[in-house]
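Chain IDs A, B, C, D and E follow the sequence of writing; residue 1 opens each chain.
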Amino acid sequence: MPDFEPKIVAFVCNWCTYAGADLTGTSRMKYSPQVSIIRFPCTGRIDFMLLLKAFASGADGIIVSGCHPNDCHYSSGNFHARRRWIIFRGLLDFLGIDVRRVQFSWYGRWGRSRATSACAAWA
Amino acid sequence: MKTGFYPGCSMKGSAREYSESLLAVAAALGRDLPEVPDWNCCGATAAHNLDPDLALALPARILAAAEKEGMDEVLVPCAACYSRLSVTRHELLADEALRRRISGLVEADFRGSARVLNIIEWLAAIPGLEGMVKAPFARRVACYYGCLLVRPAGVVNFDRPEEPQSMDLLMKKIGAEPLDWAFKTECCGAGFSVSRTDLVAKLSGLILEDAVARGAEAVIVACPMCHLNLDMRRPNIERRAGKKYHIPVIYITQALGLAMGLPAKKLGLQRHKVAVKFPAANSAAKDI
Amino acid sequence: MARIGVFICHCGENISATVDVGKVAEAAARIPGVAHSVDYKYMCSDPGQQMVQNAIREKNLTGVVVAACSPRMHEPTFRRACAAAGLNPFLCEMANIREHCSWVHEKGDATTEKAIDIVRTLVAKVKKNKALQPIKVPVTKVAMVIGGGIAGIQASLDIANAGHRVILVEREPSIGGHMSQLSETFPTLDCSQCILTPRMVEVAQHANITLHTYSELESLEGFIGNFKARIRKKARSLDEKLCTGCGLCAQKCPTRRIASEFDAGLGLRPAIYVPFPQAVPNKPVIDREHCTYYLKGKCRLCEKVCPTQAIRFDQEDEIVEVDVGAVVLATGFDIKHSDFFPEYGYGKHKDVIDGLQFERLASASGPTLGEMRRPSDGKVPETVVFVACAGSRDPAKGIEYCSKICCMYTAKHAMLYKHKVHHGKPYVFYMDIRAGGKMYEEFVRRAMEEDGVQYVRGRVSRIFERNGKLVVKGADTLLGARPMEIEADMVVLATAGVAQAGAEELAQKLHVSYDAHKFYAEAHPKLRPVETNTAGIFLAGACQAPKDIPESVAQASGAAAKVAALFSQAELVREPLIAVVDRQAPPLYSSCVGCFLCQSACPYQAIEKEEIRGRDGQLLKTVAKVNPGLCQGCGTCVAFCRTKSIDIQGFSHEQVHAEVLALLNRGDRDA
Amino acid sequence: MESEKRSIERGALSRLVEQWLSQGKRVLAPMHSGDKVDFAWVTSLDDVSLDHVQTVQSPKTAVFPRVEELFSFRSADGRVEVRERDLGALPEIVVLGLRPCDAAAMAALGAIFNWDAPDRLFSARLARTTLVTIACSRADEHCFCTSVGGGPGAVAGSDILLTDMGQGAYLAEIVSAKGREAARAAGPLFAPAPGMDKESRLATVAKAFSPDAIAAALERMFDAGGFWEEQSRRCVGCGACAYVCPTCACFDIQDEGGISGQRLRCWDSCGFGLFTLHTSGHNPRWLQSQRWRQRLMHKFAYMPERQQALGCVGCGRCSRACPVDMNILEHLRAVAEAKP
Amino acid sequence: MNALREKARELLAAKTVQVVIGYGRGSGGSARAVFMRAPAQAAELIFDATCLQNLAVYLMKPEVRKLGKAALVATPAALRTILQLAAENQVADNSLLALAPVGEDIMPLATFAAIEAHVAAADHDLSAAEGAELGKFAAMGLEERRRFWEEQFSRCLKCYACRAACPLCYCTRCTVECNQPQWIPVPAHDLGNLEWNVMRAMHLAGRCVNCGDCSRACPVGIPLYLLNQKLISDVSSVFQARSGMAARSDNAMSTFKPNDPEDFIR
């Protein structure tokens, strides 16, 4: 399906991953324009309802990315987020929604290209 | 709690007195020690120089046989066998793929359910040992642990690797007076006994020198290899040192047997190169 | 009706090279609520900012979206510009169409389409932005320094000299810390008393510093700028005002054979004692565990001899409550004492001692008055072996880090030994020499070449006593790992530097995080070494990790600078991007149901309980309330709250919801 | 006008259903789903369940669906273009197997929807719906149609009323003009009705109360706070009773989509707190007891007074669906016996 | 049964409680909640296999709280609900008396500690049958599961009986009633139903005590208990946490462990 253009929304934390995306920009790395970024103070702030709303509004793939454990600017936001992701992912899978459509990651600078390739490959 | 017994080659060969004294003590304590059925050589130091898989396969086959027999733990009196079996069990439990491969190799399913015990662990676990003592072994003794009984620390997890105390405590239980000396875990020359006897003479010599200097009346060991070098190589030691050492070297099971009043013959004392007798003069116990 | 201004930047041609900025401006103009949409070559330039300000004034815009570079770059710039034009700065958002769009995609419709998407997303967000005012939190301009070692002393002096009051809390009867126990210090061999005592006196006499010795922190509540500390002043059994420090009581006290902590157990002290001659304050304290009066109710000799009747046997601990605005943790470190090395005979042979004990032997105020005599029989040791890395860099012993200062003080010890025993033969067993400071390498080189210290590169395997001598078995790896034995008269172990006893409990009282070895965790190892993750609490010295005196002093001054910066403003001004719990009209009062599970989600303990009472005072509801001083705006509670009662300003539910819908072409509804 | 009596065999009825489907009509009938019976779009008579007392949900979904689009709108270049629903495109529906009370309920719905400003969408749907009712041969403790002017064999509201006469034959009373049109279109499928005795096949439903007495009692009880609290203590405030009720007509309006999208109408219930929440935060019916009072007052006091039509047809679905067993019959008797 | 009636009459007569909430005979022979205020009414009390409703839902109803201190006939699930409500600061200690039927007689539990002890004695994990049913779902293919739930949710009316019947859904303004922004669409179309049911399950993660009232209340019979049991089994197997066992306990979803498994995070 060459013309199928997956719409991918990236929910990212403002510290590691947003800065990572900026760095990906300054080093002129290319990735698919289908990925758009929404900024949050921390992955702890990303509510599962938003992922749901993104799917309901037509997103094909979702990336949720934040700082590595122990690197969180607020010390524990990513830990809390991880625990919710584990349960939310289990529920989505239970409901028959393909969890490969939601990619969780701890991403630094090189993340952007790897993320899009993952989602694009899926698409 | 079913305890199996893995004799290994030395207990049937050069260390028959260790086996005799062990079985005599066990009988006296009312503890039966069924041998692991169809046991094979543990590979000792030779196997892992030849082939790492062989070094794991031999002990794995032994432990698998013990498990099939329903043994919860296996007493391994010889320190070298004890070290090989412990290391094998540790590595196979840590790596599931390796466990499956080695089990396949020996066509026996090794599960790792049987624990590996050395002689001190087994004796220490027997309640009321003091009560069994009829003739306290009132001698000043130097407890010699050797190298393999307490190492590698991370795997064996038995006593403190650098400064062990467990044998000293056991000897105190049977009335002995363990001395504080510096060669508890220094090497006796081990396998060089045949190829580099001169080295053994030097290293074992140093051990005996320190023991005698501290006034020890006997050296207590728990490993056939240590006994071999300290006892059988005594002429080489004396020739190199240019002086005589009369200090006897006995197994912990023999010391325990003597303390329990078992006859010397049953303990195999007559098999030693260095006569096992204590000059009346310097035995402190005699004066009480 | 929203009146949004959209400003598309070419960024020279960084953006316009791949994004059709004209088309984006056109598309933006068509978004409902956009009243002004232009593009310009350099938005962040002065003319560019001028354009924004003029548009705000002419079209009285209610929101601004600048589509240009990353908000991490110019958000402050444009927010200041909007503020200058009278628009609340938090009604201005940046749409990142450079790093996240023009730079990372090829030229083409898709890229321009994405730029429009991003602009539409941020326009939707800005419509839901609220005008926010920075949070102003009052600051109590008093600092509390915990720990009276060199780091605590330096921090206190710097803060006090910056004109602020300081409360220095020290657990021991005197300030000075481990430095006061040292004989000389590397690399200059200054006598530690000579360079430390003046500072201690300066602290005691400084008008701005209140000194609480023999005291510990009982509890700390509150938040940056508004801490409430309760300090427990342990009873010295002495009235400090009356006591002149004459020392008669100590001389007369019959119970004399107590191991002196100051002399690291080598010397003895009476039950009523002054730790060391230069102690500040120079007032004794009664050791209630050993004083005969407290054990058997008899004696009271010190009371009789005291010329000023200053002894108070019935004195009780006293709790002092103080308000402080900042806390500097300078509790220092300790060296490993326990039977950590049975194979070295530490604790079994009296002549196997640790570094601090050697310092006391070498110190003029030490038990041997500076003469090099060994603890067992007082003889002068002819051969001394110094063992470096005794515990450090040894994962098997559970301490894998390098304690940093042992190489230096071991070289110093060897040098001091040679200066006192010219014919003595010092050996040092080492793995690697770590002498990275200024004049450090030269110092160690001098010990080797001028003072003839025999450095042996190898580990010591065992130390045992043989006819009066300490046999040190080791190996010299530089000579083919040849095993060697040295018959020594004394052995000094440079044991590992570990966290101070009680460090963990203190950290829990202050909600400061610490690592596996109980050293306090800095906010960022490279960029914020003197701050912690808890706002208002700073670090100085070895409590953060083992370090030498120069580094501790530098960190202390760094922490003091941070405190001074904090106290420089009348009020603490912080970005208002923090969480707020919703309040509504009666009868609901708030959608929060008071389950308080958000409290366990908050890493800063910023969520408190608030009781809502009716006019008649009857309790209606207990709901959550966010403390603006503590909340750092991570939003973990916001995503957790089931009823969406807690929201974070700047990333509120409405804002992010609008962003998601706008990004996925659902667009926002209100015209 | 006396309704014309005919009869129809089960086989003929099945062919009639196929005829309707072939004519592009959609057939709504009770179907088994799990251990419950509910209305669903059927494709043949075999799907239809005929042996149940009452379905979980009412057939009102044919004329007042859970969610329906009122109109859609598109916004381009600042102008908003509204596109009305094409009423002509609404499907022709035949509801087969509903009960006489459900048929009577359509009138109650009409009383609300066409009260002052006629609802064109509802009326269009009703006009396109043919009601082929099956009289009740069995009833349970929750049925009380006879107390509210209905009956197991009442013809009111139906287009054709079938009564199962046993051995696969049905008495068919052609009631309305639409019924006659349907019977005519069915042609030979309907046969003459040789003296079938309908009464003997009908269930018996005891009369429990008189609606006028209830209406009169309710007039005086608006402020009887304690009574309503006592009555509604068990109620946990969900919307089940309203959503299964054939006569509940309350709805909520929601706009969905963004700049372009649709305006949707969907069911709502006076049992919800949000129903009467004012933007100021004030809520006249803050407590559950006040909402329960509203349910009874609307159906048994306000509607008779303003629309001269009872808001309840006695189908008993609300009692059966209630998770906490709020039995409306019990509560109505309590209202009747309550002393002022 | 009469031990229960005797106890209720005694409590009401001595005014130790102002209301006894228990089960009475309802329409069609089923059991339903009854609120005894006078000692004489105690005779109406029954307790048998049909008494399944989790009466703890009434502890959170303002009109019932207004009556004063209540005694509650509590099934094991109701007891665990009380502890979970306590862990969420909704009920205070000694503010209620739980009457736990044990065989024929009645165990009065006046404090949370007593309830904890009573609850700890029984085993509260998912039963083998429940585990097997979840296993059946896991064995199903992704597509098959999606179709199953799509069909189930297509029947959802959004009548919120599941929310009303659940004692842990006590939020005065539920997120469903939040329209700034409209998180959950009001209409009962496919998307709206999916978002509602996912939100309901997620908001009960680490809290639900598996009493089954939501499934019993659903007029169209959607097997909602499956969603909750799935999350209960995940929370207990992955985080080793179980809800409703202690009055003072952390919530599995608002705490974390540094070593939570993250095999899916790259």
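In this text, a residue touches a chain if its C-beta (ideal position, glycine included) is under 8 Å from a C-beta of that chain, and two chains touch if they have at least 3 such contacts.
Just so it is clear, the structure is predicted and the values come from calculations on it, not from any experiment.
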Intersection of contact partners for chain C and chain D: E
Contact-graph separation of chain B and chain E, given in steps at minimum: 2
Minimal step count in the chain contact network, chain A to chain C: 1
From chain D, the most remote chain by mean C-alpha position: B
More contacts between chains, A-E or B-C: A-E
Distance from the mean Cα position of chain D to that of chain A, given in whole angstrom: 48
Chain A-chain B separation of Cα centroids, rounded to whole Å: 60
Chain B and chain D: spacing of chain centres that average the CA atoms, whole Å: 92
Residues of chain C engaged with two or more neighbouring chains: 588, 601, 640, 657, 661, 665-666
Pairs of chains, among all present, that meet the touch criterion: A-C, A-E, B-C, C-D, C-E, D-E
Chain D contact footprint on chain C (complex, rising order): 30, 32, 584-588, 661-662, 665-669, 671
Residues on chain C engaged by chain B in the complex (per definition of touch): 341-343, 348, 396, 462, 464-467, 471
Contact set on chain C toward chain E in their complex: 588, 591, 593-598, 600-601, 622, 640, 642-644, 653-654, 657-658
Touching residues on chain B, where the partner in the complex is chain C: 153-154, 160, 162-163, 180-182, 186, 210, 213
Partner chain E, residues of chain A touching it in the complex: 48-49, 52-53, 56, 69-70, 76, 79-80, 82-99, 103-106, 114, 118
